[in-house]
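Two complexes, one shared chain (subunit A), two partners (subunit B, subunit C).
Up next, the complex of A and B:
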């Protein structure tokens, strides 16, 4: 084995990739060659480190120097100063990574990582996901070996039950029980499926696991295959995730090559192979029965349950379906024991949860926390608070199926049950922070627009009902709301929840119900006062010029596309409200803050 | 029955090479369970769109009714029946991008390209689309032009980006 004196880890997750990490790697290669260091220093392309906001991220070991926002122009300096002369390039270090004395702290001390607990993300940003040897060096495929050589399928199912693991796709069904159903289902042909159709807007946990540690999912699926008696697995992955698809394809080929997938694995007579199936852009395919229809090559429309997939799933055979993050926990549970896993988290929600932090927050990125951590800790300690010193208004979890957590619940420990109780849901893990500039009625409309667009059209409550709700919301945001609208929304919501065929329809009204519950004042302001307190809904805004601040510079009048602003030079100008189209150009261009938006 | 007997023979002869490629793809997936979606993915890659001729060819070769293929092709948003422009411009309309102003980027593009969302311009140069979350939420709002990703975009820089592709 070759030994290197230094390792340079470069994040090649989607976030950093989009920020230009491929150029950084290319430049690193060139510079190392130039200084003839290529045999002393190893470049490792890794998965996501989590702090997507400040990418591309480069970490140099053994020092553990954490460089952020690295551009390819910065690379020569890193190579000549740090790698050649051993002097850390302080100007590129992540700001929270440097102590007041100017010394680099260890990563665990950085606020962003301090309160996190990385179980499913343990290898992300550590290993090269395109090299199976690196996964194996970090205990990879040891759990599969242990299961195949030391345990019976029933024992594996019992471990899953004892761990208390619940499905990470959103609904939180106990994983062990799901495995038990599939194990007990009669039939000589069974399937193991992985739901990697991460469709929630604003969620990218599964993508980061697939990109950063694909083998952990493959290993877990093989373990599941052994436990339920299946020899074939399918990973249903979004075509919108090209990097994840590429790394999965490589991972499957490497595992087959080493005999960790295929026939007679570990010489135990156990056969298991995995195929990828690409989605084609349909949100509803994240629903389990729709996903199975799609694997079969049909329109991804859900089917009524029962029969449940455990009895009749893909191609009519018993099928076990789990989400990516659920699988990523499993090798660890086997190796460290169910007691270890059950010791993390709250009474009814064990283990950790990965959240994709986005929206109005300083440290956007990927975080993994123990269940029971409070929203305040996530937003302020890990997330670094809200940009521009703005006020926290709400956090949205569960995407189009979920709801809002308002400021009053900031200190509530987050787990499956507490979120359901306040009218939101865990969902797959998207966590979007909103500040005072976001209009909650507009957000509800945004989600409804999404569901209407993605409704498959099979059942009327979802196809027609969500459309009617959207129409009402559109009217409200256009200033045409009327008495009775809010009550109609509530009635429609209750009926759709009760009668839609699948999870998509049953949860579609949640964003509306939850915003109505916590922000009814804002709805009332739209409907009755025709005002949008957050200043988002165009039709409800009025731009006026504050006389005392206007210098009569004429800039706004020149920029106004409809000629609605007039006045005399060096005198206060005025806006003709009948002509104004509320485009906001004057507001953006004025240098004296003389335009008021109400 | 031969394939060409079902529809215009000229479609196949005009695009002989492409249909030969499609035939290879079909042979590769033949025998696999549920081959339709992967075949459509690759067919679109070859032809740029799933036109009726392409659907009919696949129908014959896989022995699946055209009706069913049409149903699948129109169900999924990634499949298109009409060819798209050379530059596919899409604004991420995921939640994270939306709350950080993706709508303003979209409005600017509509103005700049002179087409509505979902349309292709007359020259077949640009297609404007709204896309679902691309998962680059850390860089929101995100604009994609083909495979190029532009993060932290503002309406002001949209014209510059578009000019780059106009010249290319």
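Up next, the complex of A and C:
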């Protein structure tokens, strides 16, 4: 065994990779060698710590010093000061990581982590995901061993049912029941699949798990294989996740090498192997039936259900499909027991949920919270509030299939049922925060545009209906809304929800319905007053010059690209509204705040 | 993988090399490594501790360095923290004192008084 006095963990998740963590590692190697420290100090590449926005992240143990925004130029100082002399480089510490006395706090004290509960992310940023031994050191594959040597498949299914785990891919279907269906399905060939398509714009929970702790998913799939009687697994992962694909490939090879995948695992006669299938990144391919036909090599198009995949899935055989995050919970449920898991969360939603926090929020990143945490805690305690002290307006969960949570529901405990009740949904975990500068009509238009683009076109309600809805919304944001538009939107929405073939179409109207429900005034302002209260929809803005503030400096008139501004030097200027194209240049240039945008 | 035992072996072997990222309890050896300490020969002492701990395969010990401990003329200094015990400070350390500290103090819990300036003394 090699003993190092210090471990330097460098995040090599996608976020930090993009901000230059590979250079940091290279420089670290050079500097350690220069100071002859390479046998005392170990460099460990890890997955995401959750604070990608301020990456690259470097953590030095045993002190637990948390450095953010580390550039390769900072490395010599870290090595000569911290690693050689033991003096933490304070200027590089994450800002919330320094106490008032200037001393580094322990990581659990940092606000961003304090209210989190890391179950599925427990190994992310702790282990090197490319070393199976490190996963094993943190109890990896013990759950599989326990299941294979001590339990019957039915007992495993019962544990899953008792845990209360529900699917993290969006719909929240009870995982134990799904396993039971697949277990009971007749047939000697069955499949276990993992949905790692993650098409929700802005979401990267699954990617981070695959990058930071790929073995937890492999182990869980093998457990599922034992429980339902399958010997083959497929992971459907999008090709746009190159780091995740690489780590998964390494993980599968290492697991096979140690005999944790393959034949006769733990000498129990149980066989299980896993293959990757790369998806081209269409949103609809995340839908279960489309995903399965894509695995078979056909076009990723949904088909009607029933038959359900538990009876007829991949290659017409009984198939179990779960999401990445769902799987990542499972080894721990087996090891710590279903009672432990069921003790976390709310009555009907057990455990934790990972969210990708984005939009108007100070700490964008990946957070894992116990079910039942309030949105206020997520936004203000973990997320550090809204930049510029702006007011919270709403948060969108569930991405293009979900809806918004308005300020009145900030204190509602978040779980599957409470979100559905207020017209949103848990979704896969995208959480986008909006402030007073966001226009809700524009947000609805944005998500609908996404679904119209992603519709596979197989069924008319979705193909044509969502397009009609988008046209109406576009008209409204361009100031051409008319009487009856909002009612038409509602009728279309109802019909599409009732008649579309797959979940994409059935949920596409949700963002529109939910913004209509909570922000109808804002829609009315667009349609009837031709105003955008948030000042987002260009066509509805009007730029005017406030006479009392204008000094007649002529600057705006010279900058206006269409010559819409005129006036006499040292006299108040005016804007010709017929000529103005609303480019906003004058508003930005005026040094006297004399131009008003409304 | 043939058996649970085989898994357990890998786990135990690797656990020692990663535990320092998780539980922060356990024994801590802190070597004064500011400029004065390094000049006075602190690095060979630190390396000797690592070597000795590795040789004896002792678990739950972290070896770290710190800046100036304060009394430059007594450098190199080393502080040893055992759980639930007062810190012990060793002064004028040399690599050949290390093996005795490890065997008496770290393994058996008996500080080597003759190398100290008194328990928790400064």
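What we mean here is this: the second predicted complex is superposed on the first by the 573 of 598 C-alpha atoms of A that agree within 3 Å, B and C clash if a C-alpha of one lies under 4 Å from a C-alpha of the other, contacts with A are read in each partner's own complex, and residues count from 1 in each chain.
FYI, a residue touches a chain if its C-beta (ideal position, glycine included) is under 8 Å from a C-beta of that chain, and two chains touch if they have at least 3 such contacts.
The structure displayed is predicted, hence computed values, not measured ones.
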{"item": "Subunit B versus subunit C as contact partner of A:408, first or second or both or neither", "value": "neither"}
{"item": "A:5 touches, of subunit B and subunit C: first, second, both or neither?", "value": "second"}
{"item": "Subunit A: partner with more touched residues, subunit B or subunit C", "value": "B"}
{"item": "Partner chain in contact with A:188 - subunit B first, subunit C second, else both or neither", "value": "neither"}
{"item": "Touched partner set for A:487, first subunit B, second subunit C, both or neither", "value": "neither"}
{"item": "First, second, both or neither for A:578, with subunit B first and subunit C second", "value": "neither"}
{"item": "First, second, both or neither for A:239, with subunit B first and subunit C second", "value": "first"}
{"item": "Contacts of A:134 with subunit B and subunit C, given as first, second, both or neither", "value": "second"}
{"item": "Overlap of subunit C and subunit B interfaces on subunit A (superposed complexes)", "value": "none"}
{"item": "Complex contacts: residues of subunit A adjacent to subunit B", "value": "14-15, 17-19, 51-53, 55, 198-204, 207, 239-241, 277-283, 294-301, 315, 356, 358-360, 364-365, 396, 399, 430, 432, 434, 438, 443, 446-447, 456"}
{"item": "In the complex, subunit A residues that touch subunit C", "value": "1-7, 9, 40, 42, 61-64, 84-87, 106, 126-127, 133-134, 136-142, 145, 149, 258-260, 265-267"}
{"item": "Residue ranges of subunit C in contact with subunit A within the complex", "value": "1-4, 7, 10-11, 13-18, 20-22, 24, 28, 30-31, 33-35, 38, 46-47, 50, 53-54, 57, 62-67"}
{"item": "Footprint of subunit A on subunit B - complex, ascending", "value": "33-38, 40-41, 68, 71-72, 75-79, 93-96, 98-100, 131-140, 142, 149, 151"}
